[in-house]
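So, here's a batch of structures to check.
You will see two complexes here that share chain A, one where it goes with chain B and one where it goes with chain C.
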Partner chain A sequence: MLTEQQFRDELRIFVEKMNENNINWKLQENGQTARESHLVELPDGEFVTQDSHIIYNSTYQTPTLWFNFHAKTGAPIDIEIVERDLLKIPKTESTASIRTRISQYEHPFLGVLYYNIHPCQTSQIMKELKLGEGTWLMSWLSVYGQQIGLRIPDIQNL
Partner chain B sequence: MATFLPFTTRIELPFWKAVNEKKLHEWKLDESPKPILGQLSYSEITGKECSLLMTYKSFNTNEIPKQESISGFMHLYNTAESFKAAMTAESKRKILEDETAKIWDSITSHAWLKNPELLSKFFMITFVDLKKFKYFSITCVPGLYFPSEIQQEINKDDLYGADPKTLFSHMAETSSTLFLFCRKSAAILDVSHLESVNNPDDFAIVVADPSTVSYTAGWPVRNVLAAVAQLHSSWNHCHVISLRSTGSIGIKFMWTNNISSQEKSLNFVPKSAGWDQLYNVDLRKKFDPVLQVDNSVNLNNELMKWRQLPDIRLERYSKLKVWLVFIKWFNFLLQVLILGAGTIGCNVARGLIAWGVSHITFVDNSTVSYSNPVRQSLSEFEDAKNNRGKAETAAKALIRINPNTKAESHMLTVPMPGHTIDKSAEAQLEKDVQKLEQLVMEHDVVYLALDSREARWLPTVLATKHRKIAISVAIGFDTFVVIRHGIGSRSDSLSHEAIAESMPYSHLSCYFCSDVTAPGNSTADRTLDQQCTVTRAGMSPQASAAATELLAAILQYPDPLMCPASVDENTTMLGATPHQIRYFANRYQMILPIVKRFERCVACGDAIAKQYQQHGWKFVLDVMNSPSRLEQVTGLDALQESVNAIDIEFDEDEDTTDE
Partner chain C sequence: MDYEVSRKVWESLVPVQFTLQSGGPLGDPLPYYTMLPRFTYLALALPKALTSFNRREDGVTIHLDKVWLELNGVPAKMYVPIGVIYDQAKIEAESILEISVKTTPPPANFQMVDQETMKAMFMQNIKQADYLKTEAAVTQAMMKDELPQLWRSVVNNNFDEFWAMNRKLMETDKEFKYVPIRVYPGDDKPFKQSQIKTKKPDGSYITVGEAVGELLQPSSYSTPSSSESSTPTSTSECTILKERRLISHGIVIPYHTPLIFAAKNLSYPDNFVHIVIASN
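And then the complex of A and B:
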């Protein structure tokens, strides 16, 4: 899939492209990961921060998407609200969908529980996409990021 | 009137974790102000605020790009009292005044021209309780009311001829959030040039603005205007480019430049504002290690729900809400009684806590012996060495494994038929019977994991009487059997249509229904090797696992007390709910018989129930001294007699060979 070095190179290109399109991803931990945060509105009018990280998983040799939602006090959001209002997972969601592969694990750098989309299907999914150099992560995010409401630039701007 | 969008502090959970760690390992009791960074974003498109983000990087001051942060201090108090003292109106007023004076000083000294970040400062007042994981904090970003009245004119279409892209590039290259744009030449200059500018219309002052509202400048612009008005006291307006990726705007700010006498005095410091709300958050669920276990165990089971069985009702293993017909909804914690804390009792308990069962009670009359720990998974060598009680050992082990478990233990000998007792022991017997009945009543599920047939008799009677889910588990050398007893008594069971291949819960046999003789003392006159059950090591884990999963499936049935015996895997979302599970290890064969209860059963039959109802412990006493009493009461003795009375005539004259 992607070696760790390939991942880091792709990540740099990805962050640059995103910043050009005013989507504020930042490299962190010496280029090992990138993160982005923005506000999301809940149905009751409250705003919460959605904080997303792209981290390399060496077992599966793919990137994984980690994310969490915080109220402004730092309190985590109730899982029911996350499923219903933030990820908007309908009750009828099929078990094959990516969103059924979301679970909570201890974040590799932060040490607190973050949501994470399990990478078990990534290599399969990525095989179906046309990939050019420097477009790996953008294509990957267009599949995975969409599941959690992340913005992707328009194709023309890439 | 010009308005300026105030800051809303947004704290992320990892920020509090970073505070935990710093306080524990670095700061300890030191209350001196801690340098801290708040992060800003100029590309936020949602909400109506300037966000000041406190993240896990807020203490690593060199990891956030300079242009996206403002620096400040955190005043962390060690006690609730000192925090409250800092939060009085008087204290708040004082600290705001002091911080405002510092900013004003950097304005009057013109130090801001070299270091514009001096204009944007903030402070936090915080208290954290690291035992209860409660966090209190309030943030303030001082915004100066100077000049005292400002008007604005928005210039949305024309950014004074500037190209936002160029401005953003400049910001990225120089890490500067405040600089000048020359309207004539389109040149970008450092803000220090402002000192030599004569005409306010020649330049636009570019301010990187975290505001998300298109017609309102953000809070940082306020202090910039104060600095500009102070620098050029003859000016009554200036032009600002509020730079954001969501659509920069040009604003002309206007004010009256009559400097009051008060403002002329040397000690003058403008009024200011900028307090955010007091935040108060309880993060025990995230940081308390004991609750972390609870969280994680639940999480593990939630995964099952997300990945495999979306409709599974996991709460039934910890809380069971049951519709008891004609009564009402009961909402109570599932409580499991395990009679026998030996190999089966320990392994069943282990399985149950994995499902999230939190209330388990053990009953056992003996102590841990040296042969036990290898098979009894809740005991260890030290327990045998110190001769600890089995039930107590098992309960303590469960609590060590998961501190959230409510595990209890009772050392008690279950009264058994055929084990004679004399008069002196009768008082104790009465107590024991009452205690056992009380335990059965208080729990919802009873596992009969005792090591002899007769020991299971009284628990069966009591479970039948009180309509509890009773499951017997027994192991032989290379076999095991798991039986769920028919619920309640046969006569007052609710009528229920028997469907083909399934039998109502109330019609199921108990452990004794297939026996036509009463249980007697099986342990007397036996050699040591006959008294201890010798079994293949894998029998107990297999039996206990089957017994755990059987309960797990039953509890998913809409009303578990009505769960029929069925081998159809569509009975519940966990599959079939058999009556009996019998396994033969030598050929790896498992069968699932469904057996109807026997109306003359010596344990669950109506006759027995009636006797116990009428005579209570005295009936038990009778049975202990003379098990044949059971046969009399149930009429089994008559049945046996009738068998003997059958006369089968053998024609002795008949030749066995054909003619």
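And then the complex of A and C:
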């Protein structure tokens, strides 16, 4: 559990630390979200943009990771390509199973569909990690960010 | 729960026209007219419209993944209940909702929602609503097939099957902790949602007007969510809701309606109360 004020404080520290490690997160919407984007290569050699946002979820009172992939034209990439080629989820996991943990939902600021990793288990997962002030989001991202291939600095060095 | 109200809410229909703009050599087929339940989604209705367009002899078959939908000049949201789209469309009561089916390259802010994706979003809504109401106690106690059954009854328009299951989500042992409510501020802006309680500290019921006022407060994002923030003050309600109507299921909801009544009787099948703000 994280209050919105705590989230904002953590988010500011998180962005500073990420920038010190040359990972380019930016605060947006008056410090309510942080955003990062970079290029990812598809198996056919095409490059697409991966856009990720950390946003406070006031229903679950936890941060939520939102992301999407766009072609050069700005068009979103098809869901099957996202699941199999970009997130590289093995065929052994069924589509139905993937969509119980990652699915599309309306982005709270942009109002268009983005993927989110369901936050309903976040509080429980975070309880099991030992956290000091200013490390909450970094630990959280080490759990959630790796599922979508986000770079995380070695926490030992922070 | 009031059986008559729930039945009326379920059976409420809106007229919808789908027009194909394909620019094909034979010209465009006749529009497809249909009456759709307010609780359903464009994601479920579009395949039927395409079947109708594709019935033409010699016509080019139009595939689901090659079209996008436009409404009033902007991409349509295929995952919002049709009743909510209708109430937001700024059309006269009972006039037809006109959806253009286009085969041009889709704009970046349109996303096709197929039935599988829609199902996943619906289930996420139900889980989120139950988290607000009971901290997920009901959905966690449900059997594996019970939630999919809710979705099936929406797809098949089966009121009895739906309520056999939905009763568990609505008639809970404890009072709702928070009320699942989404407010659509208009102008295609994203909906607002937060933790809104059912009662004030003095024990009186929070009204729909107060809940909407709280959700539309610009500061609701900047203040920490405390138990106080879900207890709206009457000043915020007055300043924000001045000369605005609250619409749900095509009817104007009086400000003083207890929020808990709306939650039990006016929720869409996704278990959220959906309120559209209309300027007078």
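By definition in this document, the second predicted complex is superposed on the first by the 149 of 158 C-alpha atoms of A that agree within 3 Å, B and C clash if a C-alpha of one lies under 4 Å from a C-alpha of the other, contacts with A are read in each partner's own complex, and residues count from 1 in each chain.
In this text, a contact is a pair of C-beta atoms (placed from the backbone, for glycine too) under 8 Å apart; a residue touches a chain by one contact, two chains touch by 3 or more.
As the structure is a prediction and not an experimental result, all values here were calculated from the model.
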item	value
Contacts of A:Leu110 with chain B and chain C, given as first, second, both or neither	both
Contacts of A:Thr73 with chain B and chain C, given as first, second, both or neither	both
Which superposed partner A:Gln124 touches (first chain B, second chain C, both, neither)	neither
Which superposed partner A:Leu39 touches (first chain B, second chain C, both, neither)	first
Residues on chain A lying within both footprints (that of chain B and that of chain C)	70, 73-76, 79, 95, 100, 103-104, 107, 110-113
Of chain C, residues touching chain A in the complex	65, 77, 79, 105-106, 108-109, 111, 113, 116-117, 119-121, 123-124, 127-128, 131-132, 136, 188-191, 193-195, 221-226
In the complex with chain A, residue positions of chain B that touch it	8-17, 41, 43-47, 49, 51, 53-57, 63, 65, 135, 245-246, 279-283, 286, 295, 299, 302-303, 306-308, 310
Chain A - residues contacting chain B, complex	22-24, 26, 28, 37-41, 47, 49, 51, 68, 70-76, 79, 91, 95, 100-104, 107, 110-113
Chain C-facing residues of chain A, complex	3-6, 30, 32, 58-61, 70, 73-76, 78-79, 95-96, 99-100, 103-113, 118, 120
